[in-house]
Amino acid sequence: MTDIAAAAAVPQISPAADARLMLAAAARWRWWEFAVWIAALAAIVVFPRNLLLLNEIAILALFALSLDLILGFAGIVSLGHAAFFGVGAYAAGLLGKFGYGDPFLGLAAAAAVAAVLGFATSFLLLRGSDLTRLMVTLGIALMLLELANREAWLTGGADGLQGVTIGPVLGLFDFDLSGRTAYLYSLGVLFVLFLLARRIIHSPFGLSLRAVKQNPLRARAIGISVAVRLVAIYTLSAAFAGVAGALSAQTTQYVSLEVFDFIRSADVMLVLVLGGVGYLYGGIFGALIFKLMQDYLSAITPQYWQFWIGLVLVILVLAGRERIGAQLTRLFAPLLRWRRA
Amino acid sequence: MTVALETRNLVKRFGGLVATDDVSIAFQKGVRYALIGPNGAGKTTLINLLTGVLRPTGGAVILEGADITGMAPHRRVQNGLARTFQINQLFPEMTPLQTVGLAVSERQGHGREWWRLAGGKREVIDEAAAILERFGLTDVMGAETKVLPYGKQRLLEIAVAIACRPRVLLLDEPAAGVPEEERHEILDIVGGLPDDVTILLIEHDMDLVFSFAQRIAVLVNGGLFMEGAAKDIAADPRVREVYLGEGGHG
Amino acid sequence: MVTILFDGIAYGMLLFILACGLSVTLGLMNFVNLAHGAFALAGGYITATLMNRAGFSFFLCLPIAFLFSALIGVALERTLYRHLYDRSHLDQVLFTIGIVFMTVSAVDYTMGSGQQMINIPTVLRGRIDLLGGSIGVYRLFIIVICGLLTLLLQLALVRTRFGSRLRAAVDDPRVARGLGVNVNLVFAVTFAIGSGLAGLGGALGAEVLGMDPTFPVKFMIYFLIVVTVGGASSITGAFFASLLLGIADVAGKYYVPKAGAFIIYAIMVLVLIWRPQGLFVKGATR
Amino acid sequence: QETVKIGVILPMTGPSASTGKQAEAAAKLWIQQNGATVAGKKVELIIKDDTGAPDVTKRLAQELVVNDKVNVLLGFGLTPLALAVAPIATQAKIPQIVTAAATAIITEQSPFIVRTSFTLPQATVPMAQWSAKNGIKKVVTLVSDYGPGIDAEKAFKDEFTKGGGEVVAELRVPLRNPDFAPFLQRVKDASPDAVFVFVPSGFGSAFMKQFAERGLTQAGIKLIATGDVTDDDVLNELGDSALGVVNTHHYSASHDSPENKAFVEAFKKANNFRPNFMAVGAYDGMQLVYKALEKTKGNADGQALLDAMKGMSWTSVRGPVQIDPETRDIIQNIYVRKVEKVGGELFNQEFATIEKVKDPVKAAKKQ
Amino acid sequence: MAELLGLDHVAAGYGLATVLNDISLSLADGRSLALLGRNGAGKTTLVNTIVGVTTMKGGAIRLGGRDITRLRPEQRAHAGIGWVPQERNIFKSLTVEENMTAVARPGPWTVARVYDMFPRLRERRRNMGNQLSGGEQQMLAVGRALVLNPRLILLDEPTEGLAPIIVDELLGALKRIIWDEGVSAIIVEQNAQKILSVTDDAVILDRGLVVYAGPSAALAADRDALETHFGVAGRAGGRGAA
């Protein structure tokens, strides 16, 4: 009848069957998603010199993914996500230091500790505006930073945590200087957690989060407990961030106060926004773009690379992130059509 | 007859203003009510109190015999009390199918399931599709809500409320902004709900009010002015004076 | 005791003078301007440059710093910022962080990475005894200026018709235009005031806080804390929040040095848990 | 012709950017003055910015080792940055020359670490000795609350009490602290003879100003410090408030020797600022690499270079120096200086010398 | 009588879509016009185009003989246009009183006079914009347009959400304003019968075109025209953008 109806180009069988197809379509894997992961794996042979950088990218991507879970899917802004990254890093680092260097044990411990912290602090975020949330999260991260600084007997204080030794992955693969094991390990963890996140956002629970983000008033009015959902996703996101921190601690075998730094929280936000909020791949693409840009620019001009990053950000925003996205889609549209044919 | 929803000495103050002034009213099960009154009389406030969007300053709200005064809004919905808003409250970036589907799946208790893909449960989909069809939203169910014409959004607003399968439904000016010829359609659908559903309608369009309501409550300055059968209210000179005016109906 | 109180007040006032510009742009215009510190930087650097290279007097530099930053503010507002008013806060964050990065590098490149030193005039040096405590003249000077400024701002931006027009323009620029409010002008003027205040803050603060290219990054958090604790939309809120934070911070560091650095964050978090909209926000919303 | 690659990792941006700037300028100056060839080998510098973040430092070091196959790592602006790289130096078996970071423990973290800067206790102990001998009885210490600061606090207290003095209060200022006022007020309330200060060089100016503003000088409280506070890089900007501050350190731009005069002049010509101790650390770091290469006759193997470095001695622009063969720290003269105005500029004028100072921490451990 | 507002071949729309195709209208000083049409016909778009807040794609607009096509919205407001937007758009962080004083211009209409017309607003004068009931917001939107003291007032569905008794009062007041004070008005309505007794002339829009123009009284009497444009006949075609 209207052109909107035409857009839903599903053959008319019965409304219910239609509806099922439509909902299933949203969660289907697209071809470019496979391409992304295959490319990530192929990078090991294609860029053997850059595995350390790739490892950092994978970790940052996971960190950004964890932020996307709350920012993109539940609308909670945070400038203190480094708190979870940090406790995860220290948890894994301390385990490594005191002789429990099994990587997966470290990951589990980091996830658990971060989740507990996330759960405990999530209650502070249930009220208030975006700005309030930004500042509360920031405040928590900075207090943790001060705490870690003061309790130097445990954390090593400003000098960082020394003597972290991590065992081989699965008891087989040692972390080597070239970063090969590190990258594979981080990529693997990223992939598994990504699958989990992807599942969650396409689940009824994930759908309800989007509802909460878009209109909490209405969400309540269809019987959704906004508070419980927010606490749940915040806790989960914290666990993800904790794992990212653990990966960082394990692959560098070192933890320092910077893990809690404001700059780290700000960077991850930047990375996510750069890559696009709310579609899971934003963190991955953002991390890729940001790190490559940073690496490239800081190689050319070690002192002033920030200027160029700043310029890129400014231009990006002025030109409109969405518009650039649309342009890219248009660019790739022939490719898409070719595939359908 | 049994009482579906009841307020006892309900009071709400905003600073010095008494927006709800000692309102005690009982809504009988299965009866269609209208709530009318001058602008600022406190109609929307009353609905907000009933649904828990606002906390009352005093008094109690009783749903099917149980005191729900302190209950969280979402729990009231789970207990069979749903509403629409005076200004649309929808999910702009979700489709009608997702919106209604979500409401159905929440009601059936699948809301916290994170391991299953949305749309996997047959009974959810079938019910959602049926509701969308009843409201004539089937052909736009895959489009984002924000691009729908206003009239369709208004319908969706009501469809979502109905998807909660309420036993008491509160409608706050559902026909506002809807063209003349479609207003009656909307209320016909609402009127077609099962007989045991209690409905409370706020509306300034008297044609609609009188064609829909069996009983009418009049609110003035926050207080319950009178309550009675529709035709008695229409004929009451005092109601004419405070609300209907010269061109009034009756 | 009195000395500590004075120091706390003075420190608070310094925070206020640096942050009040932000509470104008963020609070009143609802624009998340993380580049606020960059305007303070401009004020601080112009003051240092004029004093050290051209021998200008400090007192003359203060209004110049205000005007200079205000001018930069207007120029940027007209060319760049105005495209971002209707964008999401995330876009604004991204954009203004970009500006901060550029500023830090550019200033480092042109002026060097060292601290800019300002030698305040001798009349402002030294200490005087007051109410049984002793306080630096310069700190007293800051307190006085801030007090005046608060009054002025409160009157000019909140009580007046300009203030209501500004808030109208922020609430709904399209309709405000349609009802005769010159939104462009209102925004440009407000932004200029906000940046000018930052510049003045930079000029006054350089003496106590130091001024180097990383200033906008180092102090961004403090500005934000003041503005949120005070309640974003009120100048007086920012004023009292600055006082509270300044006194608590200084007293905390004096009496419980071990907990020193925690105090400011702890207060912020506690206040925001207690009053999510900040201390001084008027009118509950539905 | 084979090349010897030196990976230089420095903080060029962020809060410690000035360290990176000084060190980079000095390293480049060395090559410019001495040519890019030594013992038949071509020397290549690869400079990286770690932004002051340890994980980045570590990755850069790893990449330099794996990809660029560097023979020497050099730089490291702060203690955590140096520590993060220690395991890599060990694993890759190449020398890690620390030209800036100054916490005592650093050289103990890897047998391949060699230091050409100084250790904080090394600069502090002479200060304590001098104070005890010069009529100072009661001291308050005020340090930045992190590794080096705590090193300094401890070194000063131990030595000073040994010399018969009394430390009446120990204050630690958080690193991220914009206001010294409450701490200075405590100093004032304690009314000691002197206050001993260590803050990283960037914070010196803010500290000095507030010190003067609070009228501590008038109250008869002397300011004694390590040379970090009166860093040559910022000294001029401190203004007259710094005049008369007594401090101990290993290098002053006004050090009176022909080598130094030539160095300062060339440095100023190439850059528009004067060198400080960060520059000298890097300059000597380069010198050490060159000398080691000469000694091994161009053999750039890590172990060979390290062995050559141990015990190496030369005349630095700061005076005679030697790499302690046991601790791989530097043995050098520490000078007692006073800030004075010379020809319109402020300088740390040396007026006493304590010769051949070893790192006191490690020296104490050995006993 | 002199022309106050003139539209020549005005076209306007959103983005790429053109909603108004070719509208020409003329309104004399002191006259009033009912603007009718179904949902989505383009009534609001036309009003907003006159106010200057939609993009014009062609044609010209004159006010009191002066070409205002190129004027910005605020300049048009100063030239004498008052506006009640369809969604009311009360400034939420201003009080009721500030909502009016922020935009008021000197003239016969003062805040006090608005309060006399809507006593409810006087009681609520210190409430913030978002602390008003739906109907109170509508009253405020009308009052806010009046204190601009316009020569031409544009009201987009001003009776929506008002109690019947207030509707009567508002329409009565509008009548007086138009007749006694010589203000011109364009009033958008969905319900033709409600408004035709108030206005002099009427225009019916359909899909961005003027499909009827004539005196209100004639339209009110013309059952056929009403039937064609609002009755059952109109429904069959469905509704859609131009």
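Order as written gives the chain letters A, B, C, D and E; numbering starts at 1 within each chain.
We adopt the following convention: contacts are C-beta pairs under 8 Å (C-beta built on N, C-alpha and C of every residue); 3 or more make two chains touch, one makes a residue touch a chain.
Which chain is which protein? Per UniProt: A, C = Branched-chain amino acid ABC transporter permease; B, E = ABC transporter ATP-binding protein.
Quick caveat, the model's predicted, so the values are computed rather than measured.
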Contact distance in steps, from chain D to chain E: 2
Dominant interface by contact count, named by its two chains: A-B
Longest centre-to-centre distance from chain E, chain (CA-based): D
Between chain D and chain B, distance of the C-alpha-averaged centres to the nearest whole Å: 74
Separation of chain B from chain E, taking each centre as the mean of its C-alpha atoms, in whole Å: 30
Centroid distance [mean C-alpha coordinates] between chain C and chain B, Å: 48
Mean-CA-position distance for chain B and chain A (Å): 41
Of all residues in chain A, the ones touching two or more other chains: 1-2, 146, 149-150, 303-306
Of all residues in chain C, the ones touching two or more other chains: 105, 108, 261, 286
Multi-chain contact sites of chain B, meaning residues that touch two or more partners: none
In the complex, chain C residues that touch chain E: 161, 164-165, 167-168, 170-172, 174-183, 233, 283, 285-286
Interfacial residue positions of chain A with respect to chain D in the complex: 49-50, 52-53, 56, 146, 149-150, 157-160, 162, 177-179, 248, 252-254, 256-258, 298-299, 302-306
Contact footprint of chain A on chain D as seen in their complex: 10, 12-13, 17, 20-21, 24, 47-49, 51, 53-55, 58-59, 62-63, 65-67, 79-80, 83-84, 87-88, 91-92, 103, 105, 109, 145-147, 174-175
Residues of chain A touching chain C in the complex: 77, 124, 127-132, 134-136, 138-140, 142-143, 146-147, 149-150, 262-263, 266, 269-270, 273-274, 277, 303-307, 309-314, 316-318, 321
Interface residues, chain C side, partner chain D - complex: 3-4, 7, 10-11, 105, 108, 112-117, 119, 125-127, 134, 136, 138, 207-210, 212-214, 218-219, 222, 249-254, 257, 260-261
